[in-house]
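Structures for review follow.
Consider the two complexes below, in which chain A is the common component and chain B and chain C are the respective partners.
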Partner chain A sequence: MQVALLLGGLVAGISSVVGVFTVLRGQSFGGHALTDVSTAGGSGALLIGMAPVAGFVVGGVVGAGVMEAIGVQRPRGRDLATGIVLGAATGLAALFLYLDSTTSATTGASQQILFGSIFVVASSTVPYVIVFGVVTLALICLVYRPLLLSSLSNDIARARGVPVRVVGALYMLALALSVGLSSLVTGTILSTALLIGPPAAALRVTRRMNRAIAVAVLVGVGATWLGVLLAYDSYYWGASQNGWPVSFFIVAVVFVAYLASGLPARWAGRKAERATPAQAENAAR
Partner chain B sequence: MFSGFMMNAWTTASIVAVVGGVVGFFVVLRGSAFSAHAIPNGAFAGAAGANLIGVNPLVGLAVFSLLAALGIGSLGRRGRHDVVTALALVMMLALGALFLSRSSEYEPEIFSLLFGEILGVSSTEILPVAALGVGCIGAVLLLYRRLMFSSVLPEVAEARGIRAHVTEMCFLVVIAMATAMTVPVVGALLIFSLMIGPPAAARSFTDRSHVAILLSVALALVTVWVAIAGSYLTNWPVGFFVGSLSACCYGVGRGWAVWRSARAVRRSVASALG
Partner chain C sequence: MRLSLSLGFDYAPRTSWPRSSESALSRVRRWQEDRNLVVAGDRERHTDGEPMSRGAGELGAKEVLRLDGIDVWLSGRQILDAVSFELRPGEFTGLIGSNGAGKTTLFRVILGLLRPNSGTVFIDGRVRERRSRAIGYVPQKALLDPDIPLRARDLVALGIDGHRLGIPLRSRKRTALVDEMLHAVDAERFANARVGQLSGGEQQRVLIAHALISQPRLLLLDEPLANLDIRSGQEIIALLHRIAKEQDVAVFLSAHEMNPLLPVMDRIVYLAAGRAASGTAEEVVRADVLGKLYGHHVDVLHVHGRVLVVAGHGSGDEEVLATSPSLVVS
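So, the complex of A and B:
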């Protein structure tokens, strides 16, 4: 249980940090596509007897490279290319998972890869996760300011001499690593939730970058811990001794957090409406 | 390969290809690739949920696809569209995971819902699938002018009273219907490849929309037939073939486009020089 909380928190925090830039760059689809490429990597790794986490990370890096390489200038073209890569990778994953199920004795391979295996992570993978996690964070710290600038406005960044392509490539690497790691916790399909949800919620609540990152990490880690706790508890709900999937709880909490993040803006809007008549009275006096 | 029960697969797959090709043309035109990817994930949740409460999965598929489409359409107006689509997508998948975990079958069930299963549609389901297919195509025909207008000339469409978000919502619903009928055979995760690869290739080959739609359907049919045959012969998942072949279609289309523009440049340089 402690391993789950530690790993989950670490991975969620990293995802949230990287995800802030993903959301800023409008690359939600790309981030999601990477998770599917990771699926292919993880299931491929399982097939040749490696630990899935290695496959996740390798798959993510290769996928990021391919997407960089076929990057098309117009956003619409980029979306199509992303979608095609996603489709091909998912098809490959389907093949690997199928072969997994027929060749080896590993049952539940699909479930593990796709929906996460936080409770059954081998303790031997913990060091890898920590190392890769630190590397990812270091990458982001390294390029923080240029990355921020180029995410907010590519043209201004270029005008100010920021090596946009290099920064972009480093960011993609960090993204690939982060996706690979979070696939371990919630499974590849759902690591998008940790990548996009907390940052999106944070950016709706504040415009200041430092605050946004802090809020994102809080939401991400909080959702993960809450999810793990709820999943643990759900074993005792109802008659059947069958717990609810941890990934469901994490995603649900993130989703609710995102919806809730829209509330402050609406309240502010209503407060402004209510304030106006009073202000008009004051002005009239 | 063409015996009794396989005929179901061939028939359904062909219907799937036609609908996918037609709807996909507009998906590519409108740049709705992400939504087209997200909505089928709703279908996955729906099938799992229907399975849980003992209802026909096709019904669950349809209902949840619709919910996903409506959710994305309405939430997308208030928040960022791509963020909302991503979150709706994962929420649906998470729900699907939950439903599946509650039911007794887990592994094989996930697999066929996500990646496709030749025998995914029984003969009793062909009629509803065909009906849904006809419905989709009918809807597209009805919305044809609006879709073309709002996709190609959004400002003019707006000026002429074609409200963008209504059209978008209707189109998302069409995607939902198309998804609901196609998921059982091709799988939730791969159906959208069919809606992207062949149409994108078709658009690379021709500028005329009618021709493009027909070509898109033709390519989709070829893709699906090869996928069914391949899956039958190797036992590999249908989705694998669909994903790979769609990528090939796209690649061929892109290659053709690049070659054609290179040829045009060579010609203009040649004519300029002599």
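So, the complex of A and C:
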């Protein structure tokens, strides 16, 4: 349980930080495509007897590389590059998962890959997760400023001498690592929710970058911990002694948080209606 | 000394912003020098306003930018043909040309984003290097996404160090500098609003502040008046004119209509058919000069202080090819 909380918290925090930039750059689709590549990677890893998380990470990095090469950074090429990679990866994943279920003795391989396996993480993978997690955070910290500038405007960044392609590639690497790691907790299908959900909620609530990151991390880590606790508790619900999947709880909490993030704006709007028109205009700004 | 454009003080920053490659010792020295000198990009000026020249072999230190015989071919078409002109500090210059005339291409050459097929770009008398901090750039497309978690003042702050690695550290000096800049462009009213929720004119001001805060000597604006209503456009022109005169910055902006700019432009660079003519408006906007650019006969009409350029075939068979109030291109 402690391992689940520790790893889950770390991974969720990283995912939220990277997710803020993903939403900023409008690459949510790309983030999602990478989770599908991770599916192929994880299921492929299982086939050859390796830990899925290795496959998640390697798959994600390779997928990011391919997307880079095809041209995900150019605005026109972005959807195409993403879609192509997504399609190919999902096809591979289908093959690997089928082979997994027919050749492997353990059942539930697809469940593990697709929906997470935080409770059955081998203790040997824990140090790798921590190391990769720290590397991802370090990457983001390193390119924070030029990444922010080039996410706002490619033109301005290039005019200032920022190596936009390199910065973008480093970001993609961080994204791939983050997606790979969070697939461990929530599985690949729901990894997007942990990537995009907390930042989406945070961006509705605050106007500043550092606060957005803080709120996103809060929501992501909080949802993960709450989800883990609820999943533990769900063993005691109902007649059969089966718990519900952790990833479901995590995503459910994230969704509730997103809905809740719309409330402050609503309250501000209602306050504005009661105020004078001039004040209402200022409040709306 | 507080920056106050309308009072015409020299802009003497209270802080110095160290370059990334400087040692701590030279940083301290620069901080001390800032007390007496006005730091300006790659060069330093003494308080009497004369730029220091760096060597005998350079071209005149007076120009901020000089283009010499720039040719650009793209996809088999010649976009720019032997374009040459110079820009001096404190001058407000307009780059006039219809859409597709090559204005953005020219800007990209100046910014170093596009290598010309031939010709040279001189910045401050030196050949353009990969990174030149002497140029501030305001691009054409505004930041439209209302979700971006940046306030106007955050965007301006990014202009100080957005190109450096790492996370920005908040400091009082930084905040004070940003405040000064916002005051200078009259953006204090919406300094804390989300960038994506500002109107077109307000976004322009913030982008101008962002470009100006690093104290460039040349301010490049790509069609700043497009998508602005007349009133906002006039305010932006007035602001840029003030900036040019009081900050001694060369302002170079592109537009496809020259009439709004005629009252304030010192010089004009007229781009047509890939060729450019530069000089004052009186020198350039003339039938003979423009006719040579276009390669066919044109007429220049002056109507109530406005200029109308009409393409004609010279055989009495005049044809108004468009009804834009300022400029007609074949």
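Assume the second predicted complex is superposed on the first by the 269 of 285 C-alpha atoms of A that agree within 3 Å, B and C clash if a C-alpha of one lies under 4 Å from a C-alpha of the other, contacts with A are read in each partner's own complex, and residues count from 1 in each chain.
What we mean here is this: a contact is a pair of C-beta atoms (placed from the backbone, for glycine too) under 8 Å apart; a residue touches a chain by one contact, two chains touch by 3 or more.
Being a predicted model, the structure only gives us computed values, none of them experimental.
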{"item": "Combined model on chain A: chain C and chain B, fit or clash", "value": "fit"}
{"item": "Chain B versus chain C as contact partner of A:Leu5, first or second or both or neither", "value": "neither"}
{"item": "Partner chain(s) touched by A:Val66 [first = chain B, second = chain C, both, neither]", "value": "neither"}
{"item": "Partner chain(s) touched by A:Leu229 [first = chain B, second = chain C, both, neither]", "value": "neither"}
{"item": "Which of chain B and chain C A:Val135 touches, first, second, both or neither", "value": "neither"}
{"item": "Contacts of A:Phe255 with chain B and chain C, given as first, second, both or neither", "value": "first"}
{"item": "Chain B versus chain C as contact partner of A:Ala214, first or second or both or neither", "value": "neither"}
{"item": "Three-chain overlay, vertex chain A: chain B-chain C angle, C-alpha, nearest 10 degrees", "value": "90"}
{"item": "Partner chain in contact with A:Tyr144 - chain B first, chain C second, else both or neither", "value": "second"}
{"item": "Partner chain(s) touched by A:Phe29 [first = chain B, second = chain C, both, neither]", "value": "first"}
{"item": "Chain touching more of chain A, residue-wise (chain B, chain C)", "value": "B"}
{"item": "Shortest span in Å between Cα atoms of chain B and of chain C, once chain A is used as the common reference", "value": "7"}
{"item": "Chain A positions touched by chain B in one structure and by chain C in the second", "value": "23, 26"}
{"item": "Touching residues (chain side chain B, partner chain A) in the complex", "value": "28, 31, 33-34, 36-37, 78-80, 82-83, 85-87, 89-91, 93-95, 97-98, 101-102, 106-107, 110-111, 114-116, 187, 189-190, 192-193, 196-197, 200, 235-237, 239-244, 246-247, 250"}
{"item": "For the chain C and chain A complex, residues of the former touching the latter", "value": "111, 113, 130-133, 135, 137, 139, 141, 143, 145, 147-151, 154-155, 158, 161-168, 190, 192-194, 197, 210-211, 220"}
{"item": "Interface residues, chain A side, partner chain C - complex", "value": "20, 23-24, 26, 141-146, 148-149, 152-153, 155-162, 202-203, 206-209, 211-212, 285"}
{"item": "Touching residues (chain side chain A, partner chain B) in the complex", "value": "23, 26, 28-29, 31-32, 36, 75-76, 79-80, 82-92, 94-95, 97-98, 101, 107-108, 110-111, 114-115, 189-190, 192-193, 196-197, 200, 204, 242, 244-245, 247-248, 250-252, 254-255, 258, 262"}
